[in-house]
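Below is one structure, written out as C-alpha cells; the observations come after it.
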Amino acid sequence: MRVLEIQRLEVVYHRSITAVQGISLKVEPAQIVALLGTNGAGKTTTLRAISGFLGLDDARVTDGAVIFKGERIENSAPHENTARGIALVPERDKVFPNLTVAENLIAPIPRAAGAAERRRREMLVYQFFPRLSELRNRIAGLLSGGERQMLALGSALACAPQLLLVDELSLGLAPVVVNDLLRRLAEIRHELGLTILMVEQSAAIAFEVADYCYVMENGKIVLDGMAERLRGHPDVQEFYLGGKSGERRSYRDIRQYRRRRRWYG
Amino acid sequence: MQLIVNIIVLAAIYALLACGYVLIYRVSRVMNMAHGELSMLGAYLLFATASLFATHPLTAIASSAIMSIALGTLVYVLLMRKMTGEMVLAAILTTIAIGILLRGLIVLVWSAAQQHPLEALHLSNPPIEIVGGARISTCAALLVLMTALVYGGLFTFLRFGRWGVRMRAAGQNALLASQRGINLHAIYALAWALSTFTGSIAGMLIALDSGLDQTMVVIGLKAFAPALVGGLDSLLGALAGAFIVAGAEVLAIHYIDPLLSDVVPFLVIIATLIVRPWGLFGTQEELDRV
Amino acid sequence: MSRVPRASGYFRTSYAQDLALLRTGFELACLAGFLVTLAAFPFVASPFQLDLACQVFLACVGSLSLMLLTGYAGQISLGHAGLIAAGAFTVGILFREMNAQFWVTLPAAALVGAALGIIFGLPSLRLRGLYLAVSTLALHFVVIYAGGEYESRRGFSTGIVIDPPSLGGVSITSGRAWYLILLLAAAATLFVCLNLLRARTGRAWGAIRAHETVAEALGIAIARYKLLAFVISSAITAVAGALFAYYRGFVSVEAFSLFLTVQYLAMVIVGGMGSLLGAILGAAFITVFPYVIEGALLALPGAQNFAGLLFAVNYAAFGLVMIFFLVLEPLGLVGMWRRVQSYFLLWPYARRSATGVRR
C-alpha cells in the first residue's frame, strides 16, 4: 500500500493567501522522495499540511486530501499524526533548547511505552548517531548546527515513525556535515525500511540521495520524475543546477527571458 | 517565635498560590494573571456550597473544589485553547481579561460585602498554642498541612511517567512538542485544572481563616513574586521563593513599617530581575536568544 | 510603512511622496471634512457629550504613547498607570508646595515622565517579553506606593485638589475651552508620533521589534533606541497625567490602579496593534464603552435595582469585550477595517497568491 498520497491539496493562510494550489504527489514504501523548489514555493507548507497544522497563521487545508496508508488525515492535529507514524523534522526550532540531549530524545516517547521500549528507542538513535551518545547531557541549545540537526533527526526517529518528513536538511550546514547526514539518512532507510519525504532547496543534494523528485513553483508542481532523469533535464539544469558543467555560456544566453522554460508554472 | 509562625503561615499561602503560576507557566509560558481571581472564585463557591451544605462541611469543601477544577478546565477549553501557540503577550492579556470578567461576575453574584464562609459552615477557628507561646489558628495550621500535602503530591506526580519532561518540552516549543506526539491540549488542560485546584484550596482556607472579600486578588498578585524568585518553571523554586518573600514581608512589617506589606513582594521582584531574572531554580532561558 | 491596499493607478515617484502624510486628494478631502466636524462639534453638543469628547482626547494621548512603546517599538509595559500617576502627582505636588502654574508643571511632568522612563526602560536592556512586563508592573506598584506615602504623610488622605489653570488671569473652566485644549493636545501627540515613525527612529523601532539581534547586527544602537522609546512614551504619558489632573481638578492615588493600565492596553489591543489609527479608535471605543453599558442598563426595566451594580457590570462587560477581541479579532478594529478595505479592493478575487505578498 502506498505510504502517502496527496490529491489536489490546497492550503490557505489567514483565509486570504493560497500557499499551495492543488498539488498531487505519491510516495511508495521505503522510497526517498524529494520536493524541490526555491523560496516561497510552498514546500514547507506541504510538509506541515501532512504533519498537521496547529492553527498558527490561521493555516488550513481547504481542498484536496492527504492520505496516509489509506486513511485521510488532512486537518488532523500534529500529535495525532505522530501517533499514526508520521514524524517531521522542522526547518527551524527543531529541538527543545533548554532540555538536554537525552531529555530531547525521551520526550517524544509516549508514557504508555514501557521503560524497555524507551531504552530500545534511545539505543536505536545512538546507533545511527553515535555523537549524540557522547553529548547525552549537553543542553540542546548549546549544540552546533550539525549536532542539532542530528538531534532533530534522532528525536524524530524516537517517535518510531513509518514516514519521516525532513525539511531543509542542508540549510546552514557545511557540505562535509551534509554529506555525513545524507549517508546516515540512506543508512536509516536501508536498515529500517523507513519512507522519507524531504524538502530541499539544493537540488544537487536532493539528486544525490533521492529516488524520485517533484519540483514545485508558486504552490504548484511543475515537474516530476525519477532522480536520474530529472538530473539530465535541461530546464532543471538551467534553473536549479547552475547550468551544464564544462560548458562556457555567455550571460546573454542564460538570461531568463531568452530561455523559456518548457513548463508553465 | 510568633514571627517564625507568621512567616511559615504566609509562606504556606504564597507557596500554595505560587505553584499555580508555575504549573501553567511550565507548560505554556503564559503568566496566568487571572490566578488570583480564580482562587477567589473557589472561595466564593465554598461560600455558596456552605449555605447549601451547612451541616456537612466536608461535602461543601469537596463540592466547591470539584466545581473549581471544572471551572478551570472550562476556562482553558473555551478561551485559552484558542490562544495555543499564539503570541505570549496576547495570551497574558487574555488571562487579564478573564480575571476582570470574573471579578465583575463575582460582585454581581455575591456582592462586594465581606463574607464569612466559616460562620456559614457553623465551624469555629480556635487558636492553637504551640511552642514558645506562639499561637496559630486552626485554619492556618490546616493551610500549612495542605500546602505540604499538595507539594508532596505534585512532586511525585511530576517524577512519575515523564510528565515533568513533557510539560517542560511543551513550554519550550509548543509546535515541536505537538509534532513529537505530545498532546498539547491535554497537557494544558491538566495544568489549568491542577492550578485552579491548588489556587482554590488556598482561597478557601484563607477565606475560612480571615473572611472573604475582593482583597484576595491582591494576595494572588503578590504570590507571583515567590514564583518568579524561585524560577517560573520550578516547583521547588516556588517553595523556596515563598519562604524568602514571606520572610522579607513579615520582617519588614515588624521592624520597619506595616504599610510596606503590599510593596515588599514587588521590591523582591525588582531585585530578582536585576540580579538573576530566571530565578533560583528556573531554567536559564536564553533571554537574549533569537 | 503603509499597509493600506490601494487601487491601481496610484504610484509613488519620489521619496517626498513616500514620506508624505497625505497621499491622495481623496485623503485630503476626508481629513478636511473630519476637521470641519471636529470644529463644529462643541457648538452642537450637550455638556455631557462635550465632556465625553474631552475624555476621549485625553485617552488618545495616553493610548498613542502606549502604542508607540508597545505597538511600534515592541516593548511590553504594564506600568502605564504608574506613569500617568507620576504626571498627575507632579502637578499636584508642585501646585500644593509651590503654587506653581501650568507652564511650570506641564514641562516638569514631562521631565519626571522622562526620568521615570529611563528607570522603567532600563530592564528592557536585559529582559524581554514576560520578564520585562513584570518589571514594569513591579515599578508601577512602587510608584503608586510612593504617591500613597506622599498623600498620607502630607495629610492629603482624600486626595489633592488642584485649581484650574489660568491664562492671563482667566481661569479655564468651560467645557468648550477644555475641548479645544485637549483636542490640540491629542493632535499634537498624533503629529509627534507620525513624525517619529516616518523618521529614522521609527524605522529603528520597527527593526528592533521585528528581530532584535538582526537589528543590532545591522548597526542599530538598540540600547539607545529602546531607552528612547521608553523615555518619549513615558514623557507623553506623564503629560497626559498632568492634563488629567488639571481636567479633573483632583489627584488621588486610587484613580491609578492596575485597571487603568489594563484599560490603556485594551485601547491598544482593541484598536489594533501597530497602528496609530488603532490607538485613536481604541481610545474612543474604550472611553465610550462604560457609558454605553450604563445607558443600556438604565434602559432595562427595573433599572433602579441595578444601579448599585453598575460598576461590576462594567467590569464584566469590559472583560468580555477584551476577550472577544483577543480571541476572535486579534488585529483589532483596524484589522476589521482593513479586511473590509481589502475585500472591496480585491473584489472579485477573494484571495491573493503567496508570491504576491510582501510580509
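Observations
A, B and C label the chains in the order they appear, each numbered from 1.
Here is the rule we go by: a residue touches a chain if its C-beta (ideal position, glycine included) is under 8 Å from a C-beta of that chain, and two chains touch if they have at least 3 such contacts.
Computed from a prediction, not measured in an experiment: that's the story for all the values here.
With B-C and A-B as the two chain pairs, more C-beta contacts join B-C. Each chain's centre was taken as the mean of its CA atoms, and the one lying most distant from subunit C is A. With centres set at the average Cα position, the gap from subunit A to subunit C is 46 Å. The mean-CA centres of subunit B and subunit C are about 33 angstrom from one another, to the nearest whole unit.
Centroids of subunit A and subunit B (each the mean of its C-alpha atoms) stand 43 Å apart.
Touching of two or more other chains is recorded for residues 86 of subunit B. Considering their complex, residues 76, 123, 126-131, 133-135, 137-139, 141-142, 145, 148-149, 211-214, 259, 262, 265-266, 269, 309, 311-320, 322-323, 326-327, 330 of subunit C touch subunit B. Within the complex, the subunit A residues that touch subunit B are 51-52, 54-56, 77-79, 82-83, 87-88, 90, 93-99, 103, 106-111, 141, 155-156, 158-159.
Subunit B makes touch with subunit C in their complex at residues 29, 31, 79, 82-83, 86, 88-90, 92-94, 96-105, 107-108, 112, 224, 228, 232, 259, 262-263, 266-267, 269-270, 273-274, 277, 287-288, 290. The touching residues of subunit B, counted against subunit A in their complex, run 84-86, 161-163, 165-166, 168-169, 172-185, 283-286, 289.
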